[in-house]
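In order of appearance the chains are A, B, C and D, and numbering begins at 1 in each one.
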Amino acid sequence: MSAPSYGRAFALMREAAGEAWGAYTRHAFVEGLRDGSLPRDAFLHYLRQDYVFLIHFSRAWALAVVKSETHAEMLAAVATVNALVAEEMQLHVGICAAAGISQEELFATDERSENLAYTRFVLEAGYSGDLLDLLAALAPCVMGYGEIGTRLTSERTSDVYADWMNTYGGEGYQGDCAAVGQLLDNALERRLGKDFENSPRFATLCDKFRKATELEVNFWQMGLTP
Amino acid sequence: MSAPSYGRAFALMREAAGEAWGAYTRHAFVEGLRDGSLPRDAFLHYLRQDYVFLIHFSRAWALAVVKSETHAEMLAAVATVNALVAEEMQLHVGICAAAGISQEELFATDERSENLAYTRFVLEAGYSGDLLDLLAALAPCVMGYGEIGTRLTSERTSDVYADWMNTYGGEGYQGDCAAVGQLLDNALERRLGKDFENSPRFATLCDKFRKATELEVNFWQMGLTP
Amino acid sequence: MSAPSYGRAFALMREAAGEAWGAYTRHAFVEGLRDGSLPRDAFLHYLRQDYVFLIHFSRAWALAVVKSETHAEMLAAVATVNALVAEEMQLHVGICAAAGISQEELFATDERSENLAYTRFVLEAGYSGDLLDLLAALAPCVMGYGEIGTRLTSERTSDVYADWMNTYGGEGYQGDCAAVGQLLDNALERRLGKDFENSPRFATLCDKFRKATELEVNFWQMGLTP
Amino acid sequence: MSAPSYGRAFALMREAAGEAWGAYTRHAFVEGLRDGSLPRDAFLHYLRQDYVFLIHFSRAWALAVVKSETHAEMLAAVATVNALVAEEMQLHVGICAAAGISQEELFATDERSENLAYTRFVLEAGYSGDLLDLLAALAPCVMGYGEIGTRLTSERTSDVYADWMNTYGGEGYQGDCAAVGQLLDNALERRLGKDFENSPRFATLCDKFRKATELEVNFWQMGLTP
C-alpha cells in the first residue's frame, strides 16, 4: 500500500521505518478487526488500555503546545488536544458503557507495561528534545490509525467492528491526520529548511518514528493477550 | 479589600504575599485605568507586551495539562488553555486592530525583559516542580486581574478603559477565576491533605506566588515606560 | 529479610511495594548469580542492556540536580551522577572488554523494550513531577541492587559472578545507598514534614516506587532471554 | 577585538549578536574591574548575586547532561557541572568569606529580578528546546567571561580585582571555554551537518545567544546598583 496523503515527512519516515510499519498496520489484531474474528474480550481489553493510553497521549500533545515556536504551531496542537480529550476519549467511554464497563471501571484500568512503555517513550522524547522530536514520536499513532482506518473501510469483510473502522476511516479523523502531517512538514521546513530530509537531524527523527512504530506493534500484541 | 471568593488557597497565598499584593493590584498603572488618566500610548504598549505574555502564559497552562494527575485536572487546564488562546488573545488582537496596530505588527512585538522574566519564571517553576508549583506561579496573574477587574468595575471614574475593566470584571472572567481557585484547592487537598496549609510544602508555594506577584509589579511598571 | 539501613522512607516504600519487592530482589536471575547457574550468555546480554540502562539512569540523576531545591540536594545528586558515569559504567566496560565485547559493540547495543520502558518511566516521572517523584522512581534500582548485593555476599554458593556481587555488596556501593536514602528522607521531611508518611502525597510516591520495582522484575526477566 | 578561539559556532553567534556583545563585554562594570574603579560594595553585591546565579546555572548545565544524545556530550556536560559546583562556586564562597560575608549570609542572598530573568530564560530555553537551544543560551556567560578575562589580563591598570581577572583569564578557565566551544561545534555538526550555519535552525539559536547576551548586560547593570 502506498502512503496516504498525510504529507511529505510522513511518507519519508514511514519508508524509513521499514518492515516495522507493516508489522504495525497489518498486525493480527488489525486483521481481526477487519474480518471480525477478533474476540470481543480482546477488543474491550484493548479499548480500556487505549483509554489509559489516550490520557498520556493527550498530555504529550499538550506538551506540543508548550514546545511550539509559532502561533500556528500552538493552534494546531491545541486543536489536537481538544479532539483527543473531547472526542476520542468520549468514544471509548461510549463503547465501554455499551459493553457494561462503567466509567469508574474504565478509569481504574491497570496500565500494562507495553502501554506504559509507549507513552513514556513519547513524553520523554518530547521533554528531552524539541517539537520535532515530539512530533516524530507522536506521528505513528495518529497516522498509522488513519492508514489502518482507510484500508479497513474498503477491505473489511465484517461489520462487527464497524464503529471503530468508521471512526478512524472517516472524514473527521482523516482530516486530523492531514492537519498533523501539515504541522509536521511546516515545523520541519521552518527549522531545517525545505530539504529537511538532508539534515542529519532527520535521521534521528526517523529513528524516533521507527521506535514508536515498534512500540505500537507491542501494543497490538498486548491487545491479543487480555 | 478582602480577598475575592476564589477559594481557600488563594486567600492564604494572597495574605502571605504581604505588601506585594497591594503593590500589584493597586499599582499606578491600575489607578490610571480606573480614572482614565493612563496615557493611550502606555496602554497600547502594555497591550502589545501582554499579547506576547499571553503566548507564553498559554504555553504554561498547556504545561499544566501535561502535569495533571487526574482527568478533572486535565479538563480544567485544557479549558483555561482554550479560554486564553481562543478568547483572551483575540481581545488583544481586536483592541489593537481598532487602534491601527496590525496583527503582523502585534506578532512582531519585541519582548521586554520585565515581560520575559515573568513568563520564564512561571514556565521554569512548572518544568522543575510539579503541578502545585506551576499553579502557585500562575495564580497571581489569573486572580489578580480578577480582583482588579471587580474593584475597578465599581470604583471607576472614567469610561476610557471600560472594555478592559468589563472584560476582567465580567461574569465570564470571574467564573474562570473561581474555576482556577477550585482547581488549586482540589490539587492541594489531593496531594497534601485537607489541612494543606500546615505542610512545609505550602510555604514554598507561597514563596512562588509572592515572587510571581512581584514580577507582576514589574510588568505594570514596564507598562508605564513605553 | 528485613529492610537494609537505607533510611526510613525506603523501609516504608519497600513495605508498600508488597510482593513486587520480593519478585524483584529474589528473581530467578538473581538466584542464578548467587549459585553461579546463570548462563554466561544471559549475563553478558544483561550487562550490555544494563550499560544502555545506565546511560539513561545517569541522565535521570542529572535531572535530580536540576530539580534540587537546596545546595545539599544538588551536591548529593551530583555525587551520584559522578559515581554512575565515572565508576559504574566503567565497570561494565571492563567486564565486557574482558569477555571480548568491544566498547564500540557495547555502545551499539540495541535497546530492548523492557529496558526502554523502565528508564523512560523514571525520566518522565521526574520531568512531570518534582524531585520527590523522581527519587521515588530512582530508589528501587539503587537500593534493590544494594539489598541484593548484601544478601548475595553472604548467601552465595559460587564465585562465578563474584565481581558483580562484590561491587554491589561492597562498602562503596553500600555507602551510596545510605547516602541516597538520606537524600530521600531529607527531601521528604523538607517538603512534607517529619511525618511525611501521613501526607496523601506519600501514597502516590509509593505507587511510583512499586511501579519501578515491577519494571525491575521485567528487566531481570529480559536478562534471562537474550 | 577578534573572537577568541572558542570554536566556529561561537565566532558566528558572537558576530550575529551585533552591538549587544560589546555592550556586555565592555560594560562599565567590566571597565571598573579593569582599572580598579569599581566600588567594593558593588563588587561584593555582584558576587553574592553571581553565587545565586551559579546555583541555577549549574542546574542548567545538569539539564545539558539530561539532554545529551551521546556519551561524549554527557561527559563534557558532567565536567562543566563539576567545575561549576566544585570550583567556581567555592571561589565565590572564599572571596565573600574574606570580605566578612558568611556562607549563611551568602546562601540567603535575595535574588534580584535581573538575575532571575537570566537563569530562568536559560533553563526554560533548555527545557522547551533541545541541547542546541540550551547550549546557545549557556554560551554567552561561559565564553563572554573568558573573553573578558583574557582582555583584562592584558589591559588591566590596577590589581584591585586581580583575583577575579586571573580566574577568568587563567589557563583553567580558558580551557573550559575551549571545551564548551568544542561541545557546541560538535553538537551542531552532529544534528545539522558541517555547514550548520546554513540551517534555518541556526538563526533561531543565534537569537537565543543574543537574548542571553542582552540579559548579561542587565546583570552587569544590576551589579552597579547594589
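In the analysis below, contacts are C-beta pairs under 8 Å (C-beta built on N, C-alpha and C of every residue); 3 or more make two chains touch, one makes a residue touch a chain.
Everything numeric here is computed off the predicted structure, so don't read it as measured data.
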Review point. Leaving out chain B but moving nothing else, do the remaining chains stay as one piece, and if not, how do they split?
Key: one piece
Exercise for review: State the superposition rotation angle between the two copies chain A and chain D, fitting on C-alpha atoms only and giving a multiple of 5 degrees from 0 to 180.
Suggested key: 180
Practice item. Tell me which chain's centre, taken as the mean of its C-alpha atoms, is farthest from chain A. Key: D
Check your understanding: Can you give the whole-Å distance between the Cα centres of chain A and chain D?
Key -> 42
Practice item. Please work out the Cα centroid separation of chain A and chain C, and write it as a whole number of Å. Key: 32
Point to revise | Separation of mean Cα positions, chain B and chain A [Å, integer] | key: 35
**Study point:** Residues of chain B engaged with two or more neighbouring chains
**Key:** 59, 66, 123, 127-128
Exercise for review: Name the shape of the chain contact graph, picking from line, ring, star, complete and other.
Suggested key: complete
Review point. Which bits of chain A are touching chain B when the two form their complex?
Key: 55, 58-60, 62-63, 65-66, 68, 71, 74-75, 77-78, 81-82, 85, 107, 123
Point to revise | Parts of chain A lying in touch with chain C, wherever the complex brings them together | key: 59, 113-114, 116-117, 120-121, 123-124, 127-128, 211, 214-215, 218
Revision key, fill the gap. Counting only contacts in the complex, chain A reaches chain D at residues 66-67, 69, 127-130, 133, 189-193, 198-201, 204
